[in-house]
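The same chain A turns up in both complexes below, where it pairs with chain B and then with chain C.
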Partner chain A sequence: MRRAALQALLSHWRRQPLQLLTLLAGLALATALWSAVQAINAEARRSYAQAASVLDRGTLANLTAPGGTIATDTYAALRRAGWKVSPVIEGRIVRGGQRVAIVGLEPLTAPQGALPETVGPAVPPQEMFSHPGVGFAAPQTVAALADLPDSHDLPRLVAAASMPPGQILTDIAVAGRLLDLKGSMHRLIVLPEQPATRRPLEDVAPDLTLTPPRDGGDLARLTDSFHLNLTAFGLLSFAVGLFIVHGAVGLAFEQRRQVFRTLRALGLPLGTLLGMLLAELLILALIAGSFGVTAGYLIAGALLPDVAATLRGLYGASVPGSLTFDPGWAVSGLGIALLGTLVAAANGLLAVRRMPLLASAQPRAWATLSGRAVRRQAVAGAVLATLGALAPLLADGLVAGFVLMGGLLLGAALALPFFLTTVLGICAGRARSATWEWFWADTRQQLPGLSLALMALLLALATNIGVTTMVSSFRLTFTGWLDQRLVSQLYVTARNEADGEALRAWLTPRAEAVLPIWSLELPLNGTVGEVYGIIDHPIYAEKWPLLAKVPDAWDRLASGTGVLVNEQLARREEVSLGDPLSIGEDWTLPVVAIYSDYGNPLGQAITGLDPLQAGHPELPRLRHGVLTDDPDGLLTALREDFGLPDANMTHQANLKAFSMQVFERTFAVTAALNVLTLAVAAFAILTSLLTLSAMRLPQLAPVWALGLTRSHLARMEVVRSLALAALTFVLALPTGLLLAWALLAVVNVEAFGWRLPMFLFPAQWLALFALALLAALIAAALPVRRLARTAPAQFLKVFADER
Partner chain B sequence: MNDNLAHPFPRAGWRNALGGLLLAATASLAHAPASAQGYAGLGTEAEGFALPSPETNFSFPRDHGPHPDFRIEWWYLTANLSGEDGNEYGIQWTLFRSALQPGEADGWDSPQIWMGHAGLTTPDAHFVAERLARGGIGQAGVSAHPFEAWIDDWQMRQTGGSTATLGSLSLSARGEGFGYDLSLQSDGPLVFQGNDGYSVKSPDGQASYYYSQPFYRITGTLSLADGPVRVTGEGWLDREWSSQPLSETQDGWDWISLHLATGAKLMGFRLRDRAGEPFTSATWIDPDGTAFPYSDGHLSLTPLAASDVSGADIPTSWQVDLPDRALSVTLSALNPQSWMSTSFPYWEGPVMISGTHSGRGYLEMTGYGPE
Partner chain C sequence: MLIDARDLHKSYMTAEGSVPVLSGVSLTLGAGETLALTGESGSGKSTLLHLIAALDQPDRGEVRLGGTSLTGQTDRQRAEMRRKSVGLVFQQFNLVPSLTVAQNLAFQARLAGRLDSAWLDRLTGQLGLSGMTDRYPEQLSGGQQQRVAIGRALAARPPVLLADEPTGNLDEATADTVLALILELVTETGAGLLLVTHSDRLAGRLSRRLHLRQGHIA
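Moving on, here comes the complex of A and B:
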């Protein structure tokens, strides 16, 4: 009996291979996007804890000396006083004409994870300490440095994907040899756990300065927002995928009502039937989930280089561009596929359970539209949207921003059926022929079956509009801002202090102006940030982009009685014009202006150069902006007459190009996810239309019998699909714009610390509108073709069959 | 241990691998030769390192200091202590030196690597800490005169007494959850193990230089989570250096140092051999410091009962017989879980003596896994 029952149940899929494909594909798609995002997040998180970031200044506390280097004896004295510190030396060498950063660490005392994890057995530990030693570098750096005539003194280079390009990480002895720095170090990393019994720093090394780690894992907090963003995208795609599965499972159950009834009537217990259905679903979910996880891994692998670029560009976080396979991740991907299937199928299973034994096996052709249910849904949607809107008012933080976005999107999705019914009702009322009246009424009748797919489309369209608006607004603002901000035509960096002095003397008669870009890190209201000193030059007042200022801001700055802060700092420290800002020790100035500073994760302040130099004689005087009419000529002269290496000079145009490149890569992932989500939504419409077309024969047959030809009917089906997509777009547009506003005004402020003005791009909407219609057209094509080819006998059978 | 050495990367991390290297080198003298096989570079040859000579010719205080031409060396102190709170305690303080190449150089170029192990055993807890340091920069090292051995803020330093016999020392170390500051006094002479300090480790003739100062009386303070504990007791310092590994088939060792109630001391070890009978050696030390060495076969060490330690069965109760001295005693661990979970793990802890003699001592066992 069981075997026969199982065969009867499964035979359905043999007869409906397309439905089976839909179910599997929908589930696989949903799982794929979700697990791709998870894989990317996991990879990024793993690498945060790794090598480069541990050694980065700012991840852990550091000890530095005012003179720049620390003697070995001081290091030994600190260790012997109980301090768990580890030395680092840093510098640059030139090999084969390329600059290579050298980082030397002491492997025995370095913090956990300082060396690349992927080193493997390629490096016997004693080799690290012996001549010529071992250096770790990014694979492309290893390749670039291979077989150069002047690279014979380098350690044996081992490729490590986690290393940032252009850097060699090696033992401190090797680094000291390469940099000619024997016996001194640049800084000491202070390990997170320090014995309470260690002697005070003032007693052991009074001349060293302890710099605390930057603001409790600023990097982690900042990047968290990025990952939350990705997760939201993943979740969205998963939800859309579930719509597909729900549709397919619902249909499969619907069409098998007769089979269920017959099996039950033959004596199959309800529990066994449910168990079989459940097992069938779980097996399908496992198959689809496996495909999804595999596809997710591939997608993640394809997206990761861009994600890595984004994280590096936006936050300076180093993430390898390669993916590690984690079995736990695969299992969780399968788990979410199973869970999703169960959620999507719960409705169908419950219906089977409630089905009376002797009920008519007549398919219900989906529930008739209930006006009350639609209104109730719309009210729920309105409540959700309102709650979302309240979230940023009631709570701070990124989560509130996402609640706002979630409420908005879900609210709009829930309100969609009400919106469509209302509009379709109006259309039906205005129809001037019976055919069209039937068309509108029939469209309305189909809404319950299509509404989930249309909701998916709405979500995809709104997200698309929102994200595109955000990115485009950002691009516009950023480009304009770059033009203003990069006031100098040429940027030059001296090799050392003496060189800097000579450089200034050389440039002064040859350039319009030499603007020092001298900065150092100081606590700003207690949190370490950058402080720049600038000279009094009219070009700043003319071009520097300010968001808010007191009338005499530039004069106050020049006279040393005011300070400029960037937007990030102003928001983070909640300072506004006139508020005092403490800069390092014993120096407080009122804020006289706030400037925009896109792309910088750090708080920043600008003071007059003279007071900054007076208070901090250690200020490095190396970088300069140069105002000149002939940047190319000056560049050549600097190289040939003054002898400054190319690497120390940057043309404004190159700087701009680089910044834009960082920007474009930053949003490449967003664009890719955008397209993927839209594709999933189109697929959802396709499956829904397929589902409906299979069931609508009884509804179409009378119309056909009344004289409408098959091709006429097919054309009307196409129009219907287009009309629904167009109407959905009408609701998606305002939703998307609201979403864009939420991204720009709430999420960005929380995630990056800056707010962007919003610009509107109607051309993009038109393109998207066309895309939505195209998606609807493609989705409708297959069912319509099938309808046009339905044999008249099939229509007739509707009247003949005893159903 | 095999696992650790076969896959020193990447999970174990560099530090563990380095610890492994260091102890592999260290172990190659006495602890666990399996490790020596793990590192082909450490092979069976001495590769330019100096070798111990049967004609010993010690000079003090010079020989309290390091011998960088030898591959490995240690300053190894264990102590059995009684607390004012009525509890028995044990502490271990060890500084290992391991040379990647013979000789010394200044600064970071030094081929010497130092490793410190500190342990503190109570009847129901065992604390462990480990430190690693490069030679040549002053973070760790040993100076012979005045005697001082240190790594980071751990130190063993001469505070007076005889320079030759290290009659007076201060000792301190700390780690997570524990620390100790002890003062050590000895009127006894140095005791030379084996043949005047030339200690043979296998029938094939592998050997080390080995002498001890087993007569320390100790007072001081242990720092524990519940507060400081005043302690008194007795300590034993071992000095050993060599360049040769064990023979291929020796795969671990059991070593004891016993303070008998009569004032006599006993040092003994048993090197387990896959290919045959274990190799044993012992030194009986009269209360006045006169030493009586016993070559292979006189001492017998027999496991009585094992405990599950860190997932492996490790004998924590032993039958010790030295018929030449009418000694037949049972050793039982103060705390069977005295597991040194360092880069290269082993068992080391205080034991209580019962049988023909009473007293207390220290037991070290390597090569049992679950390394």
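Moving on, here comes the complex of A and C:
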């Protein structure tokens, strides 16, 4: 009995291959985008985990000094007092035009696991101490640094898979040589097990601060917002895909109602029937899920280089551009495919469970939405949108931002059928001819079958408008900001301190001004940030991008009685104009201005150069901005007369171009996901129109018989598709703009620490509107072509089938 | 002559090959005439009606509607012929579910550009639909829906009314009422009626009768 019943159930798919394809494709698409995002997140997190090794600041307790460096004597005193501590120095060098992080440690005292496992079997420990020493780096970093003209001073590099990209781990002496730091260290790692007899820290080194270990690395925490963004995009695509699956499953169930009744009438128990349907769905979900996971892997592989660029651009996080296969996310992809199918089919399965055995078939009962249901749905949408709007008022953080966006999107999607029904009703009321009266009324009748696909289109369009507005606003602000921020025409970096002094002396008579760009890392209100010292020059007051300032901000900066802070620091530390900011150990200045500093993950402060130098004589004096009318001539002279290598000089225009390039790459992944989501929505419309077109014949045949030609009907189907897409866009536009506001004013502030002004881009809306119409046209093309070519005999079958 | 069909041949392709449905059928219908077309299932009654209604084209032979030959007409011309020269009533009513009773009644007349409000009001009253013009088809009984379909077909005052088993879905009493209405309205408008039916009883109430057997007039 079961075999025969199963055969009867499955025969449906043989007769409806397109429906089967729709179901599989919808599920595969949903799974693909979700899996792609998961794969990208997994890859990035693996990189963070590598970066957050035992040497990471957060993993073990650390001792740090307010001035940034710890003297060797202090280290020795601690060891003598019984403290098991190990010194670390850190810094960055530039080789072959790329920044490489150098971490130096003392192998003999370093905590277990600090060195890669290759030490011992492949690298004798003594080689680490002998010249030129050994450096451990990720395989891609070893390859990138091999045979560079300026890498001769590096230690012998050994590939270690556990190392994060872009970093070299080496002996502290080698690192000191590379970073030009001798006799001091940046921090001391406090080993987990300490003797109870050690003397108190206050007695031995009262200047040092003990920072306890934290859960998770800084980088992982910093990039969480970005991954949350990606996950939100993945979820959105998944939801759009589920709309397709829901539609396809619902239709398949509806078309088999008679079969279900017959099977039950012939003695198949309800439980067995439901079990068979469930098994059928799960098998289809597994097949589609497998395709989806494979496609997701390919999509992730294609997107990862852009994601890596984004993470590098926004957070300075190093993630490799290639993907490693992880069975974990593949299994989770299949799991989400199964779960999604069950969610999408739950309604259909419940309907089968409740279906009375003897009731007559009601065509399209699955999709019938009464006016009351539409109104109820709209009310639910309004409630969701209101809850979303209240979220940022009731709670802080990124989650509130996402609740706001989710409430907005879902609210608008739920309100869409009501909006369309109302507008179509108005159109029908104003129609002058019978044909148009029928057209609007008929369009209204098609809504239940199309509303899921149109909701998917609304989600895709609103997201597109929101994200595009955010990125374009960012681009516009960023371009203006770059013009302000890059005040110098030329940027030069000296090779060492002595070279720097000579460079300044050489440049002074030849340039309008030489502006030192000297900085060091110091605790700002207790959290490590960058502190820059600048000279008193009118160009800063003229150009520097200030968001807020006290009237005499620049004078106070010059006189050493005020400090400028970037927006990130102001928001993070909740400091505003006039509030004191502690810089290092015993230096506190009031905040006199707040400036925008896009793309920088760290807190930053600017003080007058003289007081900074006075308090921190170790301040590196290498980088300079040069004001000149002839940057090209000066660049040539620097190369030919002063002998400065090209790698140490950057033209302002090149820097701007590079920054914009980084910016564009940063948002390339967003653009790609935007297009993919819109494609999924277009596919949802196509499948809805295709499935509806199969059911349209009985509705169109009488109208055709009454005197409308097939081509006329086909043209009206095109107009219908375009009209629905256009009306959906009308609701998507305000939704998208609200979304953009939420991204700029709530999510960005929480995620990155800066708020951007919102600009409107009507030309982009027009382009997207055209794209939405094009998507609707393409989606309608196949069903319409089919309708236009329907043989009269097909229409006649509608009447012939009556007997 | 309203309908002049001559030597109509029609066959359909099936998996087993070409199956002839009509083989040399001819008929005529004059103004005010009522003609019943009877026959077994598959005898070709509906196919003949479809050819006359310009819904389909014969393989051979000619149909003239109101003196105009349908042979060689374009899709657009045949659609116009259906709009203006023919009223159609189907077994399953085939009303437009998204339109109200009033809108359905006026639908074809408006398509044909011949809406006569006074006639439509009278027709609505005669069909007993006056109290339900704001309802939708799904809110009506089968008999009521068929009355709407008849009203829709006659609202444009077509010269020819073609009815394909219009009472096939109705009980005997309702069928009698509906046929009486059709005959009354046809007489009033002076249209010719071609009615396809299985029922000898109903066929007997029309002025003439043709019986089809295996694609031939018996």
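Worth a mention:
Keep this in mind: the second predicted complex is superposed on the first by the 623 of 803 C-alpha atoms of A that agree within 3 Å, B and C clash if a C-alpha of one lies under 4 Å from a C-alpha of the other, contacts with A are read in each partner's own complex, and residues count from 1 in each chain.
FYI, a contact is a pair of C-beta atoms (placed from the backbone, for glycine too) under 8 Å apart; a residue touches a chain by one contact, two chains touch by 3 or more.
The structure displayed is predicted, hence computed values, not measured ones.
When the two complexes are overlaid on their common chain A, residue A:254 makes contact with neither chain B nor chain C.
Contacts of A:172 after superposition: chain B is touched, whereas chain C is not reached. Within the superposed three-chain model, A:112 lies in touch with chain B and out of touch with chain C [touch as defined at top].
Residue contacts after overlaying the shared chain place A:73 against chain B, while chain C stays out of touching range. By the document's definition of touching, of the two partners only chain B reaches A:81; chain C does not.
Overlap of the chain B and chain C interfaces on chain A comprises no residues.
The residues of chain C lying in touch with chain A in their complex are 12, 41, 46, 50, 53, 55-57, 75-76, 79-80, 82-84, 88, 90-92, 94-99, 103, 106-108, 110-112, 152, 164-165, 168. Looking at the complex, you find that chain B touches chain A at residues 7-10, 13-15, 17-18, 20-21, 39, 41, 100-101, 107-109, 111, 113, 132-134, 137-139, 150, 152-153, 155, 174, 179.
For chain A in complex with chain C, the touching residues are 433-435, 437-438, 441-442, 444-445, 699, 701-712, 792-793, 795-796, 798-800, 802-803. By the touch criterion given at the top, residues 72-73, 75-77, 79-82, 84, 106-109, 112-113, 115, 117-121, 123-126, 128-130, 171-173, 176, 182-183, 195, 197-198 of chain A touch chain B in their complex.
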